[in-house]
Structure formats: structure tokens, C-alpha cells
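The chains carry the letters A, B, C and D, assigned in the order they are written, with residues numbered from 1 in each.
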Amino acid sequence: MIEAGILEVRGAHKSFGGIIALDDVYLSLAPGEVHALIGPNGAGKTTLVSLICGEQELDAGEVYINRINATRLSVHARARLGLSRTYQLTQLFPDLSVGENILLSLVARDGSRLRVGQFVSERAARRFADEISCVLEEYALHDHRDALPGELSHGDRRRLELAMAIVRDPKILLLDEPLAGLSAADADALIEMIAQKLKGAIPILLIEHDMDAVFSLADTVTVLVNGKVLMTGRPDSVKASKEVQLAYLSEEDDF
Amino acid sequence: MHLFIEQLLNGLQFGILLFLIAAGLTLIFGVMDFINLSHGSIFMMGAYFSLVFQRLTGSFFIAIVLAGIAAFVLGVLLELLLARRLYHRNHLDQVLVTFGLILFANEAVTIIWGTQAVYSGLPESLEGQLELPFGISYPTYRIFAIGVGALVGLLLYLFIQRTRIGMLVRAGATNRETVSVMGVNISFLFTIVFGLGALLAGIAGAVAGPILSVQPGMGETVLILSFVVVVIGGLGSIRGALFAAMIVGLIDTLGRAYLRDILSTILSPAAASDAGPALASMLVYILMAVILFFKPEGLMPIQKKR
Amino acid sequence: MKKWKSAISAVGVSAAVISGGHGVTRSATAADDPIKVGFVLTLSGGGSVLGKELQQGANLALDHLGGKFAGRDVEFIFEDSQRKPDIGKQAAEKLVRSDKVDFVVGATFANVLLAMANSVTRRKKLLITPNAAPAPLAGKKCTPYFFSVPFQNDQSSEAMGQYLTNAGVKTAYILAPNYQAGRDLLAGFKRRFKGKLLGEVYTPFEQTDFSAELTALAAEKPEAVFVFYPGGLGIQFVKQYAQAGLIDQIPLYTAFVVNGATLPAIGDAAKGVLSAGHWAINLPNAANKKFVDGYRAKFGSTPSEFASQGYDTVNLIASAVAKTGGDVSDVEALRTALKLAGFESVRGDFRFNTNQFPIHDQYLLEVDVDSETGELAVLARDVIIEDMPDSYAGQCTY
Amino acid sequence: MSLRSALTDTLFLLVAASVGPIVALWTGDTYTLVTFQRILIVAVAAASLNMILGYGGMVNFGHAAFLGIGAYAVGLLANAGITNLGAHIVTVIIASGLVGLVFGAIALRTSSIFFIMITLALAQILYYLAVSSSTFGGDDGLVIDERSTLGGLYDPFDPYQFYALVAAFSVVLILMINHLVRSDFGRRLVACRDNPVRAEALGFNVFATKLSAFVLSCIFCGLAGLLLANQTEFASPDFASWRRSGELLVIVILGGTGKLYGPLIGAFAFILIEHTLSQYTTHWAIIFGPFLILAVLFFRSGLAGVMDQIFNRLGWRVQ
């Protein structure tokens, strides 16, 4: 490999009781690019994401995060290598306020490893007070600082999760269907936000159903069908590929 | 060899008793996700009920059946008045409320029947020894207890496998939503399951009465052991409970019978006689810790679909 | 910030209630104040049947004394230990510090007694046990301020061992629960039994099913079986022993198994079970007749030995107060008076050893139908050892 | 904020701890001290449980085992002639920490109901060990002849001096627990309870965080056991029984789970209720049982929560 990607999946294989979910999958995320992962339902996108994050173990193959072999590492260890993600269904701290949700992300940024000092220090809240305000402002959440995540609108929750994923200064951002369930207006706003703030600044692996979003944001697109990589390439070449259209685009006209 | 077979029978009998209690616990947990510490109190009530009915009817056998029915009614009342308010609560709340019930039940029994242990004897037909093949003689009543346990277990199996309610119970244990989607009156099903669990515990209490000392608090040691059984077997799994009850029954009995001899092959006799009984009393708990360490969901967990 | 206010007010309320309960200053003892006897007994929860019997025996004794010791009014204060050592300890502290009692009587169970003993005796208050009598307090940890009315735990098992030796029994099999008292009692049995032990088994604590042990025991075919199983354990053991058909094959000798509290629950299975003890309802002395008749009249049931011990305890205290002429201010004088044991014990001869544990007769007791009432009862058959001291008195050097 | 909350804590705890001696001096009845000592000790044990239950979501149904460990450690040392408080503290920390580490490592492999049951089973093992072992005095328990000493700095058998020691120790322990809960570590713990998936994704090691909290909580409970042993001059298997663990849970819930002062208020209330009811009837459990049921059903935020509400309504809310 001449130039190793910031995130590399090499020869990933995973099966569940005889059913092959992923078969010899290669994926490489170059620094600074937005790489979209698309594919019809059941193609293995979710499995691939959970393998990258370490929620499940590979049967064969390797995962490199930030050029370090992370194949056998736990979820939190991979996160410490700089992998940050959002979830298809938002994963927030439901009993903590919006401000505290952000605070925990900032705490994680400054060192997610458990250290003796943390048992003594209780300064996090003060130390980060201003920074939290900035982040909330930036993501248009400043009116909700003391609200619980459950009290937010769906769009607000998405933005909160995105903010939490970003403020910890990750090396890689993994966005798992960030637009799912959003209204058209909210979705557009979010695409806009990603395009302006994140694109180019940080490598992003984007799993998304919304083809408009994919083709407007992505630098590279990987198409996954039946657990195999059908093709990887520039958005326009993917769009033009007959194979892709056959396997995917034709049957889901609505996208 | 005779001795060993008799010890196996002892283990079997203890295991069956545990199974009767554990089956109800695991049913209630599997279907309603409810953790019921007061199950041991129902076991105790079963023993007392059977004494009351013996006095009223004069028959030991009828009294067991009536005690089961009374326990069923008690279970139904408990479900209607209390348990159903707790299904959506967390396990801790359930633990505490049923802990409160234990306190209440023990004290109520003390007030009604006194703190003293109450006499519970056997009918003549069940006294004495039964001659089994190979020259083994075994207490008739313990054979009877094994028989009752096996019979109730079989009825339970038929009920769950062959009846409509049983089918719903099975469905409910694996997938709660489906059952309600199927248009079943779910709260009725819950009441029945709770009552059924109580029935099993009540019968177990009635059968155990003549072996054990019928007194307030008698359910608690049994309760903890049957929780061990339920957890080892896998929550909600009746098959698992049966399997685990037999393991616990046999390990406990054989541990008491042979552990000291086994230990004395490596330790001095004095040390073995010290460590033997101490280890024997911890054996089932160690077993549980080991099993959960390797299989955190128990031996035969139910595959939950949600 | 709001939390601390709420918390402070909670403390305030609690303090008011707690101090209201017993915080009123009491004047120093004067001659016209009642003599106070504080009891720490297990009155609720497991084992409370013993505590209740002790309480009733004590109350009956006070009735028989006309409610007075040496012409002075007497006040009994009963505290419940719930059989928990720390609660018992706290109750004893309350009696000594707050109620300022003249005598502390307790406890029902050894664990509570051991926990509370120091709080009483260290303050040079008199502590008299009506029931629990563990070895340490008879031996190495004995103190001048502690008296045991009932016995020393091991006495009955020693007597049982002596009886079997006298009867020429060659082989025995012995069992007890696996804890200190169990080990002490079997040790006591072994001190006096000269035959061969075919098995010495300690069963796990709180074990309720003895099938495995009974099977093993029957295979050894001993001439006699001796067991120590208190309370519910004894009920279970004897029932299961009978159900296993052993009761007609191998005689069962016991300590602390069959008594007034457990007999009704064991029922006919207990008939013929032998034990050794210091008291039975049929002991032919006048004090005992008065006690048994009085108890039946007052409570409508037959007294157990626990009631007899409660009764003896109060009579002992009354005798000491009588010796000092009603003066309870001088603890040393009271102690000397107690030591004389100048009362009519319902068990017959009674005096204190150097460690202030009783020297008394040990009787062979048998469970049989009482011809007077037609009920099963524990009846004295014979004297095994006269004027028996305990084995720990030699270790007591205060 | 931090300094202020620490000061408020200290002030409040000192006020709470001084009620006992004030009442005792006022009435001349030193027994009051015994009751208040017990409340403080139970409060420490309950606070240590609240730390993992209220903030870590770990329902330890065997927490009382560590009361037992603390008590037996003191008992065995004292009876071997080592009475120095410092030695006792170190031993208790090591003993309860190590056992807590083993228990936690096993129990934290499971969750929810399995966690409840496995902690119960592990505690039962210790309980039976204490009951069966003749070195530990078996069922009768272990009489402790000497209270912990501080090199002659105080008289352990003077009621006021001993109370002062227990009170100081308890106050320090509760302050430490409160501080831990407020600390950065405490926030992580809450995060791990609230959403372990998210916490892992942020890079927090959920297992290590929970295990650290579990071990610390065991150590604090062990130290409460040290105090209990000193107060009762006794160590008993009963301290480690499953009913005690149940009582600790009751106290935490009664006071209010996850409230800083919940355990202390719960301990006050519990001992108060036990005390008052048992003066009227030996059948107090028949009242307490239903009371507990009603409390869980209708006062989910516990007494601390109820008081918060009352004071809010009275407009007492500061800030």
C-alpha cells in the first residue's frame, strides 16, 4: 500500500451462523475526504460500521485506525485512536442536560483514559463552561442548555449528537445515516452544516440512504451489495455505472 | 453403590422441590420481566395452607391440592393489587416492593400462627420405607415427593405445550409485543401466569411441609436457592430451570455427602472436616458465580426478540 | 443548594423524635424509686418463641413475688434484640445508660449475648443470662459481673456422653451444625463418651434437608446417634430421622433438640427421643410444682425450660435484693448476694461455681406422653450426674 | 461552586453530627450518642451503596458483605493485639478493595437482574465462610476486646470522645463520597450508567469505570464496617447477611436514590422508624413492610425528593 488511508478495512469477513454478512471487504478512507458508503438494505452497511467501531469482532481481516492495527481493540480503545461516530438512532445521555452531554464529550477530548486525578478533580464543569457555550451557540442549541435530550426536537438531537462527535476532536468521523427521520428542511440544514464546517477539515465516512446528500457531499463512494464491495469510485462514475444502477439504483427509484 | 444411588435419589428429590419453586419464578420473570422475592413467602403460605386444609378436610392429599389452589388465588390477588403496578418499573423497585412483602408475610404468619414452628405430620400411608429394586430402601414420603414433583412438572409441560394459554406463555416469554399484537388480553394472561407460578410454589410448600420445619421465614433459604437455579438455568427458561434444579440438587447433596472424603485425600482429616462443610454450603453459590462468569446469561437463555 | 436546608430540617425532626423517646433526664436512684430490671430478649423475628417464653417465665416470677423485691416496687423493661448482635448491643447500652437499670438480663442467643456483654460488665453493671451460655464467658472471658442461670452449653452434651458410656454403648455417630456451638457441644460429648465414634459430621449452617447425612449414617449402623440441632433445624432433623425409619432402629440422643418450643412441631415423631437437661415439668420439688401450675393457670400452656429459666432468673435477682435489704446501690454487695444463689430453683439443687455458672444435676429426659395432661412432654427419668460443674470453670481467673 | 458545595457539605454534616452530643448534653443521657453513632455509620454504608446504585446504576444486593469484611478485619487484628486505627484502616482498605475487585470483575460481566443475583450469591459465599469458620468465631461472631486506638490520643471508651471519633470519621467518609460523585470521575460514572454505548464511543472504558466505582464503594462500605465493629465491639456474620444488604437498599431508596443527602436522610428515617415502631409492638414488620411498598410505589424520589418539593413550594429555593 503506497499511501495508507486514515481508516483502512482490509479483507473483512463476517458471517452469522452460515449467513455471510461481509465477504472480503476492503475500504480505505483518505485523509480529508468524505467517503460515502451506500448499498441496498441488508447489504451489510450496519455490520461493517459495527466492525469498524469494534462492537463486533471480525471473523477474518483487519481494521486500521489512524494507521494502527485496531482489529483486536475494544470500542473505547478505537475511540481513543480518534474514531468518533454518530448513530442511526441518536445515542445521547438521556438523564443529563444538553450542556452536560457536551461536557462529557469535552472531558473525553482531554483524555478519555481513567486517571487518578479525575477522582479528585471536579473542575470539568467550570473549566469547560465557556467552551460549552461556544459549542451550543455554534450548533444552535444555546436555548436548550439545561434541557434533557428527550425534550429536544429530532433535528436538535441530531445536531447535539453531531456536536458531541465533533468537539472531541476526532481523527475520523463516522456518520451513520445522519439524515434519517429528519424533515426536508432540517436535512438540508444539516447537509449545509456538514458541507461548510466539516468537509475537508476531517475525514468522514458517511453511511446514508439519501442519494442527493451522498452525491453532493462525497468525494468517494463505495457501493456494498450482498456483503461485497461492488465498486469504489468518484460519485459521477458510480452514478454512471450500469452495475450499480442494476443492483441498487433501479430497484429503489425513490432515491 | 447402594449408598450412592440413595444419595442420587436424595439429590433428585431436592432438585425437584427446587424446580417447582424455580419454575414459577422463571415463568413470572420470563413473561412479565418481574422479579418476585415474595415467591418464597408463597412457598411458606403453601405449607401453612396445607395444614389448615388438613385440619378442615382430614385428608393430606386433598389438602395439597387445596393449598395449591389457595396459593393460586393468593398469587392472582397479588398480581391484581400490586405486581401489575410494577411491570414497567425497574428491577430494583420490584426487589424492594417484594422485600416489603416478605416482611409483611412473615409477620402476618407470626401473628396468625405464632412464631413457633407448627406441627405438620404425615398420613400413615406415607410413613415408613419403600423397598426399591437392588435392595435399596427409601423413605416412602420422599418417593411421594418425587412423584408429585414429576407429576406437576409433567402437567406444566402439557399445559405449556398443548394449551392455548400455554402457547401464549411461550410466545410472551420470547416476544412480548407479538402477544399483544395478536389481540390477546395481555393483562389476563399476566394474571394467569402469576397465579400459576404461585400455584407451583404453593404445592411445593405443601409437599415440603412434612420434611421441613413449618415456621415464619421458612421460605427464604429456599428462595435464594431457587433464584440461583433460575439464574443458572437462564431467566425465563423452564427447561433451563429443570436442568439447573437437578444440577443444584445433585451438587448440593453429593457435595455434603462426599466433599469431606474427597478433601481428606489432599488435606489432613481435621482440616477436611473443617473445610468440608464450609465448602459444601458455598458450593452452589460458587457454581453460580462460575457459570455466570463464563455464560453471563445462564446455561439455557431464552432468545429474546424485541 | 436547596438540598442542605431540607436535610437539616430532617435532622432536626429526627433528633426531636429520638430524644423524645427516651431522652428525659432521670433522677438518681432513690429508695422509693422502683428497682429496674432490663431485659434484652429476642422478641421478634426468628427465634422469638424462646424470647417470649423467657419473658413469660420472668413475668410469672414477678407475679409470684407480688410485684416486689424486698418490699420495693419492681419495673421490668423489655428490649427486643431481633436476634441481631448490633441491635442487642444497642438495647443493652440503652438500658445501662438511659434507663439506668440495676440489673441487665440477657440474652436469648449467644451471638447477641457476646456482643452486649462488654457494654454491661465494663461499666460494672450486673449481667445475668437467662438462656445463652457460650463457652468463652464461662472460661477465659469470664467476669465478676456476669452470671449464668441456665447452664453452660456443653453440660447437657457431656451428660449425654456420660450416660451412653454408663449404658455401655460401644459405637455412636454424632452430628451438629457447622458453627462454634456445634463444635463445642460435640467436643463436650466426646469428653465423656468412651466408645467408638463411627462418624462426626458437621452439616452446613442453615441446611434444612438432612437426607444425605441420614443415608450415610444409616449405612454405618451405629448403636446410638447423638445430635445437637437447635430450633427449626432440630424439628427438621427429628422429622426426617423418623421418616427415614431410623427412630425404631437406632435410638436418638439429643441436646437442645426437643423442648417445649419444638415438641409441638415435631409431634409423635419425637416420642422416645432422649436428651439430657437440668429441668423438666415433672421434677418433684415444690418450687417447680408452683411454677408449672402457675404458668398453666396464667398462660394456658405448658411451660418450656426457657420459661423455667426466666422464672429462676427473676427469683435469683429477688433473692439477692432481699439479702441486701432492698439496697441496689452497692453493686459489689449485690454481686456477693447473687453468688449465694439463695433461692428455690425449679430444677432443685442450684449453686454457683467459681465462674458463676451453675452447678446442678443433669437429668435423663425422655419425650413421652404426660399422664397428667395426655400431651407429649419432655419428662425427667433419671439423674445422670449429680451436682455437675461445667468444664470451663478452671479457665476462669478474674 | 466546588468550594462552596464542599463547605456546604461540611457544614451540613457537622450540624447533623453534632445533634447527638447536643441532645446528650442537654438530657444528660449518653445513650443518645449510641443511636446517632449508628445512624452515621449506617449512613456511610448507605452512601457507599448510593454511589454505585444512584450514580452507576449497579444494584449490589450483597453490599453488606463489605460491612462484614470491615468488621472482621478489625476484629481479627484487635484480637491479635494490633489496635492502632491506622493499621485497621489500611487493612480494611486492602481487604475490602481486593474482595471488591474480584467480586466486581465477576459481577460486572453481567448486568440488570443477573448483576443483582450474582452479587447476592457472592455475598452469600462470604456469609457462609464467616459462619463456618471457627477462627472467625462462627455463627456466634467475634468479640472484639479493644476498640481501635490512636496512640493514646483519645479514650475509646469515653462516650463523647468515641462519638467524636466516629462522627469525624463518618463525616470525612461521606464528604469523600460526595466529592467523588461530583468529581470528573463521577460524571463519567453517570455517563456509563446513562448510555454505555455512547460512553464507549466517546472513548470511556465503561467496564473499568464501573469497576473502579464498585471497588471504591466496597472500600467505603468496609470502612463503615470498621466503625460498626468499633461501635459494637463485635463482628458477626449477621452484618454480612442478605437481609442487611436488603436493608441498605431500602435505606438508599427511602432517602432518595442518586441524591447526595439521600443516604443520610434514609438512615435517619430507617433507624427512627425501626426505633419508634419497635417500642410499640414486636410486630413492627407488619407496618414497615407495607410502608416500604407504599414508599416505593408513590415516593419514587425518596424522602430527599419529597423535601426538595416541599421546600420548592415554600419558595426556599436558593439560587
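Simple rule for what comes next: a residue touches a chain if its C-beta (ideal position, glycine included) is under 8 Å from a C-beta of that chain, and two chains touch if they have at least 3 such contacts.
What you see is a predicted model; the values in this text were computed from it and never measured.
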Expressed in steps between touching chains, what is the minimal separation of chain C and chain D?
1
For chain B and chain C, let me know how many angstrom lie between their CA-based centres, rounded off.
35
Using the average of all C-alpha atoms in each chain as its centre, how far is it in Å between chain A and chain D?
43
Rounded to a whole Å, what is the gap between the Cα centroids of chain A and chain B?
49
Indicate the whole-number Å distance between the mean C-alpha point of chain A and the mean C-alpha point of chain C.
73
Residues touching two or more other chains, restricted to chain C: which are they?
44-45, 48, 178, 204-206
Shared interface positions of chain B, touching two or more other chains:
106, 110, 277-278, 281
Can the chain contact pattern be summarised as a line, a ring, a star, a complete graph, or none of these (other)?
other
By the touch definition up top, name every chain pair that qualifies.
A-D, B-C, B-D, C-D
Enumerate the contact residues on chain C facing chain D in the complex.
1-12, 14-15, 17-19, 21-25, 43-45, 48, 80, 82-86, 89-90, 93-94, 96-98, 110-111, 114-115, 117-119, 122, 134, 136, 141, 177-183, 204-206
Complex contact set, residues of chain D against chain B:
53, 59, 61, 106, 109-110, 112-114, 116-118, 120-122, 124-125, 128-129, 131-134, 242, 246, 249-250, 253, 257, 283, 285-286, 288-293, 296-297, 300
Okay, in this complex, where on chain B does chain D touch?
29, 35, 82, 85-86, 91-93, 95-97, 99-108, 110-111, 224, 227-228, 231, 235, 274, 277-278, 281-282, 285-286, 288-289, 292-293, 296-298
Residue numbers of chain D touching chain C in their complex, please.
8-9, 11-12, 15-16, 19-20, 22-23, 26-32, 34-36, 38-39, 128, 131-132, 134, 137-141, 143, 145, 157, 159, 228, 231-234, 236, 238-239, 259-261, 264-265, 268-269, 272, 275-276, 278-279, 282-285, 303-304, 307-308, 310-312, 316-319
Contacts from chain D onto chain A in the complex sit at residues 1-2, 179-180, 182-188, 190-191, 194-195, 197-206, 208-209, 212, 216
